[in-house]
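Here it is, the structure in full.
Think of it as A, B and C in the order they're written, each chain with its own count starting at 1.
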Amino acid sequence: MQLRLKQYSPLPGFGLTLGYTLAYLSLIVLLPLTALFMRSTSMTLDQFWQTIVDPRVLASYRLTFGTSLIGALINLFFGFIVAWSLVRYRFPGRKILDALVDLPFALPTAVSGIALTTIYAKNGWIGSLLEPLGIKVAFTPLGITLAMTFIGLPFVVRTLQPAIEELDGETEEAAANLGAGRWQTFWRVILPTVLPALLTGFALAFARALGEYGSVVFISGNMPMKTEISSLLIITKLEQYDIAGATAIAIVMLLVSFLILLSINGLQWWLSRGQRKSV
Amino acid sequence: MSIHVENVSKTFGNYTALKNVSLEIKDGELIALLGPSGSGKTTLLRIIAGMEIPDERDGSGIFFHGEDVSHRQVGARKVGFVFQHYALFKHLSVIENIAFGLRVRPKATRPSKKEILSKASELLNLIQLEGFGNRYPAQLSGGQRQRVALARALAIEPRVLLLDEPFGALDAKVRQGLRNWLRRLHGELKMTTILVTHDQEEALEVADRVVVMNQAVIEQVGTPAEVFHSPASEFVMDFLGNVNVFRGRVEKGRAVWGDGTVNVPGLQTSSNGLANVYVRPHELELLRHANGSPSLAARVNRINPAGSYAKVMLTANDGSDLQVDLPFEQFLELDLQCGEDVFVMPRRVRVFSPDYEI
Amino acid sequence: MAIAQTALSNHGRVQQATHDPRWLRLLMIGTTVAFIVLFLVLPLAIIFREAFRNGLGAYLKSFQDPAGWHAIKLTLIATGISLPLNLVFGVAAAWAIAKFEFKGKSLLITLIDLPFAVSPIIVGLIYVLLFGMQGWFGKWLSEHDLQVIFAVPGIVLATIFVTFPFVARELIPLMQEQGADEEMAALSLGASGWQTFVRVTIPNIKWGLLYGVILCNARAMGEFGAVSIVSGNIRGKTNTLPLHIEILYNEYNVVAAFAMSSILAMLGLVTLVLKTVLEWKVQQQLRDTLEPTTAEAN
């Protein structure tokens, strides 16, 4: 048996297209990423460690991680409700709302950023309503969380929608037939089926929020130790020509993102083992 | 154009699709590659078309009219290929689908626009779809799409026509109609045609010769009559038509049947041992009383009288189930009832066993 | 992908099988509307409100700033260069992945998804590491009097990085679903590789292609974080539109900031509309592929 790298096909163009693809990828992606990791090795381990455990940096990690997580959780919960309503129910304006879900994708992050800040500032539409209650939104972690929620919204909804659409109405009928109440049907039948999609959407929203800059930087206020997100810290260090420091922080963030990406793939693979969808 | 396949093998990773297959196809004949899924028939067809390349082996090759085409590209082989799912160009009209092969010819050999359209229209008439030229594949029925696929393949004036399970996705009645139509068309065009199918009725009805394939090898090549009435192997006998199988014995060159032994044409007189005895349902006779010839006692279980043959299901007293097909008049004469005890006699048996065949 | 097919056949059945009690339905719909209005409609609305706060005159005056026009021009250049390049890449990658079987395919697909996992800030950073003064090519570039960082090429590169997956990601599943039969048929009829691609493949993928281009475009024009780093933020010279908006906002030039934003917001809305329309067209094409043959009379 010969070990073949590629199966024969009379279709032409394989060499050309694959070659171009690999060249493009290497130039745009692989080369720059390699530079990043190589650069990190120019620091000693000690220097690296010193940089990333600096209190200001740690504070930014806590903040960024915490707000992204909460934002993703909010999206998990509400995203399901939105996806379910959009797929299962008919109501006026449904199509418009459905199209709007992609707004965070379509709108530049800077524009979203200043819009959100304006809404939640002291004299903004919502900010002014909450101010008398003593709730400050803009320039606080709460505001950052809301921005994180905004940016992650489409991820959960869009990954859930196909999964909910694919739900076989018959299994729900069968459950009802066997005496299950609606809640039980949801908990035992519906949720387990859409769980892979739900978790994928969550992880995507989380990863995206971690690295988000534009929509968050305006509303966060950027006070070191209090409302400084990690992305901003990287820029600050760059402006101070502390390239090594910026790189160190970036690498930590990158590793976390990759871990999340890997776990999504791993999770999807693991969960689909039991739930083989037949075509 | 004659086709000669010489010692062709094909493996996909660990899976062997074809093992040393050789085949001779005469100019102008309509030959069917028949077999179950996984037999290698489609792989063989695709290799002839140039869509797969056979494993590199000494002495292996594909020859069109004596010319070695093993290393020639698909487009250069001038074969007309009709895909199982038609593969019509969804975005082109029917007439443009048919004209495609002519339109893409290099400038030097391309006919004029007028000629292309007239040729395509001619073919449209041939497949009896005049007036459908401007429709799109999505607006056609399955049978119509199949005919368009055929016309498209014919437009390039191929040397051979290759059909990959062309009627598989269609209703029984449509299939029957298209089968007849294909046979008539072949009579007119007299083009070498290779048809791949898993439907034995189709192969036996349509083809001049049938190539029975199983698990990467050719079991038998012959006319429909030959493969049906003179199967060369257990597989062919079992695959074509209905058959009763008995785990029986052979003694002194004769098959043990009930209380006696029967003749097996071609068997050595010295043969002894275990054997599988094959009899076709229409090669058995039913009698109410034994008449001296070797017969098997059996009880009637079920009768299906609907059809030109009455099908009688019985259980022999050794426990085996068998089916006897009786011509309807004979069945009426016998006036059988369920539960009756009768005697079954073979007119003709075949024996296949691990040690020897026939 | 069974998604398209089951979505179509299930919709009718599921509609009948909706057991959710009325109060639950109302609650869910209400929550959905509230959530979307709060998080999506409100920001959209405020952009236009702030832009027109001082009336139409002030709105139009915002566009008389030459720095603003320069920013628009730069955005268009960056997008105009990255779009075609990413288009070619997307088509090439989808062709290689969808029509052939080879080892390492899933790794390739993961690599293509990479930009989604990398923060835009990090994107900017790594290009600085490559082409900045202290970067790998820094010395070589300054010797040859070429500038990447703090100049247009850097902006273009960063834009390409964050937008290149869009076309590919859209085409790959589409072409995988369509298979290679039609291309094979064209080849068997004597068409050359190029003829097959132009006459058979492209018509089948045109809506998916357009869809990918729309997404790519929206992202390219709106990219902020990555470009922020590589551009150096020099007003009037290396500012794209989003960067210019940031400057205006930080200068408390609120009306102008939102006026400029309104352009991008309108572009965003157009993107959403086109996206919805094209999505429907793509599903339609997918449906044609999956449609079983109707066996009526001959």
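Basically, a residue touches a chain if its C-beta (ideal position, glycine included) is under 8 Å from a C-beta of that chain, and two chains touch if they have at least 3 such contacts.
Bear in mind the structure is a predicted one, so any value in this text is a computation, not a measurement.
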Chain contact topology (line, ring, star, complete or other): complete
Longest centre-to-centre distance from chain A, chain (CA-based): B
Per-chain CA centroid nearest to the all-protein CA mean: C
Whole-Å separation of chain centres (CA-atom averages), chain B against chain C: 52
Separation of mean Cα positions, chain B and chain A [Å, integer]: 56
Length of the line joining the C-alpha centres of chain A and chain C, rounded to whole Å: 16
Interface hub residues of chain B, defined as touching at least two other chains: 50-51, 73-74
Residue list for chain A, restricted to those that touch at least two other chains: 7, 10
In chain C, residues with contacts to at least two other chains: 184, 187, 192
Touch list for chain C against partner chain A, complex: 2-3, 6-7, 10-11, 13-21, 24-25, 28-29, 31-33, 35-36, 39-44, 46-47, 50, 85, 88-89, 92-93, 95-96, 99-103, 108, 110-123, 125-130, 132, 134-136, 157, 160-161, 164, 180, 183-184, 187, 192-193, 196-197, 215, 218-219, 221-225, 228-229, 241-243, 245-246, 249, 254, 257-258, 261, 264-265, 267-269, 271-273, 275-276
Residues of chain B touching chain C in the complex: 49-51, 73-75, 78-81, 83, 85-91, 100-101, 104-105, 138, 141-145, 152-153, 155-156, 169-171, 174, 177-178
Chain B-facing residues of chain A, complex: 1, 7-8, 10
In the complex with chain C, residue positions of chain A that touch it: 5-7, 9-14, 16-18, 20-21, 24-25, 28-33, 35-36, 39, 78, 81-82, 84-86, 88-91, 93, 95, 97-112, 114-116, 118-119, 124-126, 146, 149-150, 153, 162, 165-170, 172-173, 176, 182, 185, 204, 207-208, 210-214, 218, 231, 234-235, 238, 243, 246-247, 250, 253-254, 257-258, 260-261, 265, 277-279
Contacting residues of chain B [partner chain A, same complex]: 11-14, 50-53, 73-74
